[in-house]
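You will see chain A twice below: alongside chain B first, and alongside chain C after that.
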Partner chain A sequence: MAKNPNYLSGKEIRAIAKENAKVMKRLEAYKHRKCDESEYLTEMKDKSNILEIENLNTYFFTEQGVVKAVNGVSLNIPKNATVGIVGESGCGKSVTSMSVMRLIQGPTGQIYSGEIRFNATEKADDDRVVEKVYDIAKMPMRDIHKIRGNQIAMIFQEPMTSLNPVFTIGQQLDEVTFINKKGATKEEAKEKSMEMLNLVGIAAPDRVYAAFPHELSGGMRQRVMIAMALAADPRLIIADESTTALDVTIQAQILDLLRDLKDKIDGSIMLITHDLGIIAEMADYVIVMYAGKVIEQGTAKEIFHNPMHPYTIGLQKSKPTLKSDSDMLFNIPGNVPNPVNMPDHCYFKERCDMCLKKCSGDYPGMVKVSPTHYVACHLYEEDQK
Partner chain B sequence: MLKYILKRLLVSVLILLGVSMIIYFLIRLMPVDFIQDKINAINQGGATVSEETVKNMYAMYGLGDDSFLGILKGYFTWLGALARFDLGTSFVHQQPVASIIVSHMGTSFAVALIATIFEFMIAIPLGITAATHQYSIRDYVVTVLVMIGISLPSFFFGNVLKDLLSMKLGLFPPSGLIDATASYTGIQLLGDYFMHLFIPILTVVILSIGARMRMTRTNMLEVMNSDYIRTARAKGLSEKVVINKHAFRNTLIPLVTSLAGLLPSLFSGAIITEQVFNLPGIGNVALDAMNRGDIPFIMGYNMFLALLSVLGVLLADLMYGIVDPRVKLE
Partner chain C sequence: MAEEKVTTEFDPEVILEVQNLRKTFPLKKTITGKVTKELVAVDGVSFKLKAGETLGIVGESGCGKTTLGRAILKLHEPTGGRIIFEGRDITDLKSKEMREIRKKMQIIFQDPYSSLPPRSTVGGILSEPVEVHNIVPKSEIKDYVLDLMDKCGLRDYYYERYPHEFSGGQRQRICIARALSVNPKLVICDEPVSALDVSIQAQIINLLKKLQNEMGLTYVFISHDLSVVKYISDKIGVMYLGSMVEFGTKEDIFSMPLHPYTQALFSAIPHPDPDVKMNRIILKGDIPSPANPPKGCRFHTRCPHAMEICSQEAPEYKDYGNGHCAACHLLNK
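So, the complex of A and B:
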């Protein structure tokens, strides 16, 4: 009988558990260590970026083996830009963003290696604004409050469950002001909260302020989430599928809102979605991810008008259009490979219709197509032309 | 709100009627005969009781007719007395049932109340640490210890503690409620109560922590994995605030509901523990009544508990409305 790759013997499971426990223990201890700030201060490679992720590996240590959810991802987010990250479910988009916020649920989920450099601005004691570059991946959990909320804010994908059901909207919004402004009074906090509710276009801020989350609709809750994310004037907003759960009209309103707000607060947006329409409308730069790796990146124009990776081409094709007469939607054949024990060759090889002989070899490196456009595919390597 | 409470109270009356009927029929069908036992005792003393006297005694106690209609008649007689706030007279004690309940309730209530307070004070923090440090050594140690607590039968563990703390170390008196040889008053009497109740309370606390801790841990884990906890963390709140404010407030909701089952248990007495430590609590009296077929007392005691259960559930629902803003009582 052929060996089923999904079947693990008891011995194998125990070996995996033992190995996992060792690594998880080391990483957990590292996460909770006490250390001086100098240990995680670093320098940006490019001063015009607000966030630089370099060779980030975020792993989940499961009973079946190590799942490399984010497998050597490198990407940059420039100041005042919107960067869209696209890819299908399970490609590591959300895990990348959660890694930036250090919200990966331990002990099973861990940032294994890599750098997340973030350009933070802080008020010094004499009220001067100083820039500091933190390596978020190395920050201990006890210092993580330096970036969460006040520097990087996140809008989650589930507005229905992302608000605490037992506190009023006002209580939850005020909290943000209390954290970020030492010695803020109740009145100050309320004033700021009302201002934020007005900013996100809520018609009756008084009523919403006193309401409990279950008394609001999904769109209203998502607005509240955005207000909450923006209340601390963050420099980077991560919108993780923040419009997926909403209907199209509300979606458009929320996106308009985000775009306006980005200009107002002069920040950057990391927009995570699997909706190409949203990306086309919002993003300056696009990063396409597949199975935990970045496979193509470039400006929105380059990705939409000149997609190069067979996967990106497939993605573009599978977008439903009104013009086509076909009854069938295009889809890319096959499935994402099993996240445990990924092959050594290109992860897309089994589903690719443009395969070369070379594709069975090593994983392709990034090929530079233009100063901003990169693709990880053997098709475009120099010696191929 | 007032309308809701009134409605619930009216429904409660119907429930209590049903409960009383079931209990009465069950007791009458129980294979215990108070009269026969009494006659046997007299017979053993050498005297003989005539057939006629036996018949008269059965009739006197209202147990003469064991047919369905006879039992029904007995039930309505009991119910009629209850309508006049009379729980009847205990066969065994020859005293009004109500006064027996009142005089024995104090001890049981004191033990249960103190034990419950300690149970919550210990179990909830344990459950929270176990949940926030899931799968750590701390979690395993706490879980194993409380599981041992759950698994120990009270008659065994009570005796082990008695043997250790009282017999071997001589720290506490082994049984009873007061030191009969000394006549204490005031503070000293209170101290004497404390010494006598220490081991029983300790037994009850250790045995009951487990369930409450497991419940807290499960709820806490569920809450800790929810989206709003992630939101709270993303805001930049410290882990302490996330756990103690955002998570705990939500864990409280099911804990409050569990208070419903608590109200009757505060008064019902710990039957086995009271036996082991020979405490004059209501549980002990109830067990004795059950063994000897003391119908008025069993009825009175069970109805008292049924009333507390119904009130407890109502109270829990009202509390639900207070701790969970999503619940509206109409």
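So, the complex of A and C:
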């Protein structure tokens, strides 16, 4: 019998825990510090982007070792665009979005390093609109209300569990307005909530406003979740697998709704899913992630018509479509590697069928294929050609 | 449909025949135990399946596809109708007699995380059915199980490991190996790949196909994912709120879907190509509750072509040539 490499002795676990406790304590203190706004104000690299993530590292300090869930991710979300992030479970796509919202569960999960620059528009006292660029990764938790909810909103994965079962839909929707608009009256809040329910295409808003979550179907709850996300007029919406739990016909309704809404609210959408079909249909730009890293990014056309990374190619070939007619499905052998103690070489090496000698060396850098298309693979490096 | 004759003639090619199968669950009972309200989960489903074929059953959540799969195995006692397996009516068999039949029909469950006993090793899980059903002599069990594990793509040193040490795809392989350990003829696959990632999904589907060729299995493949069903099936049945709305060969169903629900279902699938612009039929509203289904045709509340007759009379389930059956008033015009 081969020895199980996942097995750790009690001594080893205690050593890891001691090491982790030190780092976690430092990061927790940093998260809850008091500081002036100037400390986390910064500048955008490109003015046309609404969100820029640069070299983000989000780690989970577990007893088995450090899990690098997001490992040096850089990506941009332009204004008024839909950016799709695609990857399998455990690739870090949800953790990336949670990092942007600063919802990573501490003290185990921490943003270790990196920058998340967000272009926020705020109303100053004299009703002028001021643009401010925040570095979300450096913001202390006490100031996070400046962006969470009112600038960036999130539609969560499971509409079944994300609503509070003991309050009516109306109460939960009104709360958003109360929090984001100081001194709002009950009537104003209700008016706004009704407007939002109408916007997401709920046929009988009066009835839904007074209903409890358990009285609604899955599709209706997801609409309510979207209404709640939109109630504070956010500039960026993060939709994290928001249609995965729904049936196909209901999914089609919700996607249709999201597409309409993007134009109406004049914002950007960060769409996280594992379904390539949804990405192809919705996204302008696509980011493919694998084991905590971005391995390929480009416009939807580039990724779907000219995929370059062996993983992207394999992913597209292994999905049966209504039009494919082959006898055997292509499959990527093996599994996603263990997230603890990642190797130094390319993480996809063990499953790749186009390996070079070089692949055992350093992790490949991002290679520019076209102005918008980047791929992290040794196959496309200059000296290879 | 209730007056339909129950045929008893035996076609040796047909391994499974379901006639007018019905399964209801009681919702409300009086104090004397009389059922006053019931949920009709499966309502009058009929089909025939030949040996070596794969029948795909698609439908949205709550349409009764899982109940149908379990009722065929008699894990749910059917309320009405007949199930004929290899020419033998198994509907009224007692559980002792069913044990013999179960050797020939097995099921693979949806969730590989909860369908394996956490306290037994892989070896234990796989040898138990072999032992219970006396498939091979006791001394040969281990070799038999190792051989089976090899067939299903499991390494031999997994024999002593526990289910929690495996990923979802590996666990599903263990579930498949367990179902096949008794050499069944019919395997009911209840959403075997929906809990898995795309790249792992392809591995499992290929494994199921390979095993079918090697062992001559017949599958009933239940899934909500149409593209997977199309890939693996020979025949497809589309279900909506407990009844079969369309049934036919894969080619017929995909080239010429008759029922408006089937058409809408096909058009709702996102296609992984940004240039393809689908003419999408977006259905309005939600699926009605199966406890309180609409009168007449069950689909009329969401149907884009609903007519007056649809809300009054249930359409007849008829054959429109070449075994392509559907139930819709539009087709009778």
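Methods note: the second predicted complex is superposed on the first by the 376 of 385 C-alpha atoms of A that agree within 3 Å, B and C clash if a C-alpha of one lies under 4 Å from a C-alpha of the other, contacts with A are read in each partner's own complex, and residues count from 1 in each chain.
As a working rule, a residue touches a chain if its C-beta (ideal position, glycine included) is under 8 Å from a C-beta of that chain, and two chains touch if they have at least 3 such contacts.
None of these values were measured; they are calculated from a predicted model.
After superposition onto chain A, the partners chain B and chain C occupy separate space and fit alongside each other.
In the superposed model, A:N341 lies in contact with neither chain B nor chain C. When both complexes are overlaid on chain A, the residue A:L329 reaches chain C alone and has no touch with chain B. When the shared chain is aligned, chain B comes close enough to touch A:N164, but chain C does not. By the touch criterion stated above, A:N198 is placed in contact with neither chain B nor chain C. Of the two partners chain B and chain C, more residues of chain A are touched by C. Contact with neither chain B nor chain C is seen for A:S48 once the two complexes are overlaid on the shared chain.
In the superposition on chain A, A:P320 makes contact with chain C only, while chain B stays out of contact range. Of the two partner chains, chain B is the only one that A:V176 touches; chain C does not reach it. When the two complexes are laid on top of each other via chain A, the two nearest Cα atoms from chain B and chain C are 12 angstrom apart.
The part of chain C that touches chain A in the complex is made up of residues 60-61, 157, 160-161, 165, 167, 169-170, 197-203, 205-206, 209, 224, 226-228, 230-231, 254, 264-276, 280, 282-283, 285-287. By the touch criterion stated above, chain A contacts chain C in their complex at residues 1-2, 4, 6, 88-89, 203, 217-220, 247-253, 255-256, 274-281, 300-301, 304-305, 314-316, 318-324, 328-333, 335-336. Of all the residues in chain A, the ones that touch chain B in their complex are 101, 103, 105, 107, 141, 145, 148-150, 153-154, 156, 158, 161-168, 175-176, 179-180, 212, 214, 225, 228-229, 232. Every residue of chain B that touches chain A in the complex is listed here, in rising order: 135, 225-228, 230-239, 246, 249-250, 253, 323-326.
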